[in-house]
């Protein structure tokens, strides 16, 4: 047996209170990573070029959208291929409010969130009867229908039809010495942190446990008194709220909304981002967002003609290396670097 | 009597958790051998390890061939039929299709057709439901179907994982009578894993007791059945 | 009245396309218990291979049969090489690999054969069927071939040992192993069959929609929709679902002005969703009874 095996088989003093110290060990390292990441995030805009800041802002926007999808699919087990629709609704709500209503951009976020919550909740109600693939198809239909509805002539006065709506980029408030890109970066970061904190607390609360119970065993959940119908619809609503706010933010950052930006391809992108980050693991959304933004561009860089093929190959290799996304990878690393005490008590007493 | 199955030092784990710590037992041809033990003792794990359903280490010999590490499909082809915990019925297929599947590795069409009728002979209730979706059958009927499916293989040895689980006493009685008949008339050796010790000892010729992944007791079933102190301390009755 | 009949028949004609695709979708679903998002691209790629064979001078039916064979083998290989390594990964990871496959095939096809539209010949001729004004020969031929394939599949699954083994492997892989079925090969076989059926679908569809790398996108959507509408457990239902969708789309386009022409696609989809809400297992599907 190697030294490492020995250490794993006979861990030192930690064996006395194995599970509790392991858990706090994980908590400390997570906190440390989070803090380090925050410091880096706060510093970057002062060193990077505007375009990179813009890209990183979009990474956060996609991350928020993916958190929304994760709440629905990862935590609650409802499969959705339709989140591009909620993203679009959020984006258009913000655009219409800003350009037609003169509403300040910050206020469009809660409105977009509310509108999307209602949309998600209302969609979630009939979706209650659908499971798995059938739900996938229904959400797929929603995603495909959305661009067509946005181009629909009677709505043109509001939606700007095929041309879409152009938005004026906001300046930093209170005359702060920040460029527009830098300000939007910090704005998005702040909104993202608040939303992430909310999602994390939701997942750890009783509501979160009910959501997961419904995912893992709906029949058992119901027989324990969990109102599955209500929870599932509410989860749809909350999920749509998150993705809708992301859409609104995205619209403000890109300064433009048009129907063909919100096709089914976006839904697929969000799903890929979700899996890459790790289904059911909220921090993974950041990795997912980065993947969604950077990898397609990188693929085009490698080969203009075969960009799709390069993208596909990268994606497959990623799944081979990390079948459960970054979440699975982190779990494996934790298993190696911070092993738990042996489960079998007699193992500690065994001769080496 | 020849030893059909010989198990030496069988170890198996689920991930980090070691469940079997070196099991030693043997099954004589034509016998009914029972593996007794409480929940979590490792009984089901033993059967799954024998069939290659989980990774295991050790020395498992069947009819002279070493089968440790063999894939399930190959173990089956040696004549080992497994009636798993929870019956493992093909719920979306019909009763008759389930039986046909049991004979999937056989080449003799006429023999298979004849055997299906024989199964209906053992289990008349199944014949009534032959074209019904297997998932709609009751627990008892599904258990009968699972046993019937296993028999369609014309196995030399049949592994049964908690056949009495979740069944009404009357059905259990019926089932165990049929198992006894199968053992006597068709010469199929049975390895029965059970929590219900009294029931199992009534059918078995040999018995082993597993506790946390090790054999702690073995002997003729009749002897264990009669030994009150053993029954009290180990088997709870 | 005549307009109605004409539109219904035209709908059946396009519906035949969807039915063909829906059949391929259900086939693979029965084999692997997932939807294959790359199915359309595999069909498209196969059709390009056929086209290439024709360019190299092969007669039509030789190219047709050879393409089916190549597609079958390719399907088996893709399963064994791409999907076997991740067989224990969670479902969504599989979905993502399907998406990757989609991207690769689409991009590769565009790279090898470029994106210009190409013509693809039909073996049935382009004149109206029997001189009548109701339906074209190709359309009729397409429907006929779809029904033949359907019949073949029905017989295969219901009455052959391999068909039964495949159904068992898809329904309960662990139990399937316990009766000696080599589950891995059953899945690979399912893929091969789906690829072959997809190739047939592609070669029948291409004469109508013309051959180019993006030809299958909306057809795959309708294939899925038709399959789900019919009920994923029923090949017959999938075919009916596909036909119904074609008719529905056409009637909506004709009879609901403005909305109809601009929102043809969403309307059809909305109807499907409505059907599913009322009948969650699809029109002909069997919702598995779950005994707790």
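Observations on the model:
Order of writing sets the labels: A, B and C. Residues in every chain begin at 1.
Definition applied: contacts are C-beta pairs under 8 Å (C-beta built on N, C-alpha and C of every residue); 3 or more make two chains touch, one makes a residue touch a chain.
This one's a predicted model, so the numbers in the text were calculated from it and none came from an experiment.
Pairwise, the chains sharing the most contacting C-beta pairs are A-C. When chain centres are set by their Cα atoms, the one at the greatest distance from chain C is B. Taking each chain's centre as the average of its CA atoms, chain A and chain B sit 48 Å apart. The geometric centre of chain A is 32 Å away from that of chain C, both derived from CA atoms. Distance between chain B and chain C, defined via averaged C-alpha coordinates, is recorded as 43 Å.
Residues of chain B in contact with two or more other chains: none. In chain C, the residues that reach two or more other chains under the touch definition are 290. Among the residues of chain A, none is in touch with two or more other chains. Put simply, chain B touches chain C in their complex at residues 51, 53, 71-73, 76-77, 81-82, 84, 88-93, 97, 100-102, 104-105, 133, 135-136, 149, 153. Within the complex formed with chain A, the residues of chain C that make contact are 35, 82, 85-86, 88-90, 92-93, 95-97, 99-104, 106-108, 110-111, 221, 224-225, 228, 232, 258, 262-263, 265-266, 269-270, 272-273, 276-277, 280-282, 290, 292.
Residues 161, 164-165, 167-168, 171-172, 174-183, 233, 286, 288-291 of chain C are the ones touching chain B in the complex. The touching residues of chain A, when paired with chain C in their complex, are 73, 79, 126, 129-131, 133-134, 136-138, 140-141, 144-145, 148-149, 151-153, 219, 268, 271-272, 274-276, 279, 305-313, 315-316, 319-320, 323-325.
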